[in-house]
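Order as written gives the chain letters A, B and C; numbering starts at 1 within each chain.
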Amino acid sequence: MKAHINVYALNNTNIDSASLRVLGSLAHPLTDPGEYVADVVQGEINVGTFRLKVDPDCTSMQADVDLSKYDTKPKVLPPSVERRYSVAPKGYLLLFVSEGKGGFHVILNEIAAGKSAREKVARRYDTRSLEPGDVFIAQLLRPGIYEMTNSLGKAKGRISIPYPKPLAKPLFQKEPEKISLRDDKFSPDHVELENLQAAVFMNGMDHAAIQVALQEADYGKEKVKPEGTAFRWMNPSGKPAK
Amino acid sequence: MNQVTVAISEETFRRLFATIRDHFHESTSGHSGGAFSFSWNIGVRLQNGSIDLQPDDSVRLSELDVVYDPLTLELGIDIPELCIGGFCIIPSPWGCILRAPKICIFSDNPDIRLALNLSGLLRSELSGAFSIKTRYRIDPSRTAGMTDLDAEDAGVPNKWRFHLDPIWLDIDLIDIPDTVGAILDAAINNAVDNLLFWLPGWARDLVKAILGSIVDLIRAILDIGDDIDEWLSNLLGVSIGLFDFVSTIVADYFANRYPVFEFEDPFPILGYEGIKIPVKIPVRNVSVTVNDAEMILDSDIGD
Amino acid sequence: MALTEKCSVYASVNEEALNRIVAHLMRQRPSLFNYGTQFFENNPGLLCKPPVVHPEILRRHNPIITIEDPLPILGTDGALGIDFCFQLVQLKIDIHPGRTVPLPPELNPPLAEQRFAIMVEVCGGISCPSPETAERDGEVVAIQVPSADGKRGAETDKAKPPVRPIQGKNVLCFCILLFATAGFEIKNTTGGPKLAIKLFGLEIRDITPEGLENNLECYLATTLRAGILPKIRIALDTIIFNLGDFATLSISPTPAPSVVAHNPALEQDEIRVFVDVGV
């Protein structure tokens, strides 16, 4: 079987809580029982909806919603299909993008119990503005220096990721590095991550939008940006070819 | 008492054997599946070897090299799915409250194809004992209406043939040089690079780092263990059935297909002279014996 | 002692096999043993001893006799001749020590070492014309005015067929027994080493006067040496069933007397050949 390679995961170097793409996930706590209709927006286009019920009888503490299912290209779900999710009170709505170009944000609208999606009561939450208790997970792959910012404030910080060492022992994911955003400051504001280690932002601000963007790429041994190698020959004897 | 006797010395017999040995070139190909898929294309040649005539009317063959050339193997290996995430973000004494999603970089079990060219590197050794069988061959292409002269003109004369008929054959395990391990490692790295060649260097290195030592991973998938000799020998001998193939085809080649010696019957003693037909002598009652010095053909001249 | 102790390949053919081979040779190459003029080619039934030939000879229209010119009639300046035939009818070979061919005293029996004896029945005859035909044709020739080069007219060497009855009453046949001693030798030719027959002595039994016998013996021996025997040379590789050609081996006779005493050797009713295989 041929490989299915997640190109977007490998190419994404700008992770934004306000525009969710591969490698960026957002968890929003849901405290009280209720029913919601969520609008999924890609760019400026509403590409679908889903229903979410915070149900005391539900035992699951998180509802995972893969927004790539709503991606317009390729069209995975027709707009009319409505998915339903349930989560226990004090659980989390986890929004993520498993593949595709992404660029999603979600608006949660509360509705009266048993009512249709058109009978929205109030807009309750917009992922473009993080609320206290929100958790933003940034999984950075590309080695280099990143800048973390609060695009709705002034907080700034730096994250560095080393160049991976091939042929070493297998990499395994370390526990994530937790970074808090309070009083418009990141703490810590300088973070050195290991390869595959995630940065988990714990938001404590009323309004925030966290962005992590690559500033300086690390190319490892290569001094210039590689164009991509079409073929590599390796000397079977291990000695350099003359 | 036989009318015509031809005796061939042991040294000359060795020359005859060398002729048919050098003529031998067979091949086999196939594919199989299992923990990993593999296909093969293997050609077999024979080299060296010593022939000794025995006093018990047999011929002993020792240390005949079996050279596998070409010997190309293609192994198809699935690399496991490569995903990140899935770690716990908010733990609790009762379990994980919030867990990060799993994002896969490789999915659908990508396969890589390892092409191993081991042509001319591997050898086996074959020994055996043979008796010499006399056969009278009528060419299948010879039609019923043909006279002996017609058959000679058409290139399908009858023949007396003398074959080495195997009594037993032994094949020793493959002699594998040290370079095979390096060849395998290089093939693995090549295969992964070919799979990932279109990725930028850092992504390739990251994938390789995630996989760890590609060579170790794939060796684990192939179940190579510490002894590549044993693994390769087992793959070729048992999985592919190479030794059985070699012994069968060598036996058939000597016993049925390529005689150590042959001559026409009737046997021409004078060739065409203009339109004058050849003079051909019928040979009858042909028999062969072997002693430790020579092979002896006895025959009579027919009427 | 191994047969190949002093050589790479050894071959032996006993005299019984040799005689069978000769019989096959006579049936498959009859023109080597039968000679005559065009008259006998056209009328093979009038040969003194019509030969038994292999069916392929007839199927492939091979010659039964070798055509020769008529015997010239003296005094006709080559204008007239007489049809004749000459045949080796039966041939028997006896290899040393030689027990089956009784050699005449002139050939100094017993058979010498490394020799074989041959006993051959030779038959021949001329197509004898009637006296009238002879006189008539002679007149025709005699009145022709010879040309400046001495020839008479355009009809030279013309053998007019004599009138004869169908039963061949006018073919005057005779048969004689001929004895010879010979040996084998290996000759190097452009086609490689070949086994050749070397004639040592020849004797016709009981022809008188002795001078006539001697002349005939000389003529026959010369015919054998110069005409017939050179055409019966067998390649050395043939004697070992073309082993050299089969295995692409270079073959040569084992040196004699340095390695083997004789090559080929004629002894114990066999011809034995010793062959070396080169690199």
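Just so it is clear, a residue touches a chain if its C-beta (ideal position, glycine included) is under 8 Å from a C-beta of that chain, and two chains touch if they have at least 3 such contacts.
Bear in mind the structure is a predicted one, so any value in this text is a computation, not a measurement.
**Q** Looking at which chains touch which, would you call it a line, ring, star, complete or other?
**A** If you draw each chain as a dot and join those that touch, you get an open line.
**Q** Return the chain label for which the distance between chain Cα mean and whole-protein Cα mean is smallest.
**A** B
**Q** Which chain's mean C-alpha position is the greatest distance from subunit C's?
**A** Centre of mass proxy via C-alpha means gives A as farthest from subunit C.
**Q** So how far apart, in whole Å, are subunit A and subunit B when each is placed at the average of its C-alpha atoms?
**A** 56
**Q** From the C-alpha centre of subunit A to that of subunit C, how far is it in Å?
**A** Computed value for the inter-centroid distance: 111 Å.
**Q** Spell out the residues on subunit B that touch subunit C in their complex, using ranges where they run on.
**A** Listed in rising order, the residues are 1, 3-9, 11-12, 15-16, 19, 147, 149, 261-263, 267-270, 275-282, 291, 293-294, 296-297, 300-303.
**Q** For subunit B, which residues count as touching subunit A in their complex?
**A** It is residues 78-79, 84-85, 87, 89-90, 97-101, 103-111, 179, 182-183, 186, 189-190, 193-195, 197-206, 208-215, 217 of subunit B that touch subunit A.
**Q** Okay, in this complex, where on subunit A does subunit B touch?
**A** Contacts found on subunit A: 1-6, 9-10, 22-23, 25, 27, 61-62, 64, 66, 91-92, 94, 96, 98, 135, 137, 139, 141-143, 163-171, 173, 175-176, 195-196, 198, 200, 217-222, 226, 228-238.
**Q** Could you list, by residue number, the parts of subunit C that touch subunit B in their complex?
**A** Against subunit B, subunit C makes touches at 2-5, 7-14, 16-17, 20-21, 24-25, 28-29, 31, 54-57, 59-63, 234, 238, 240-243, 246-249, 277.
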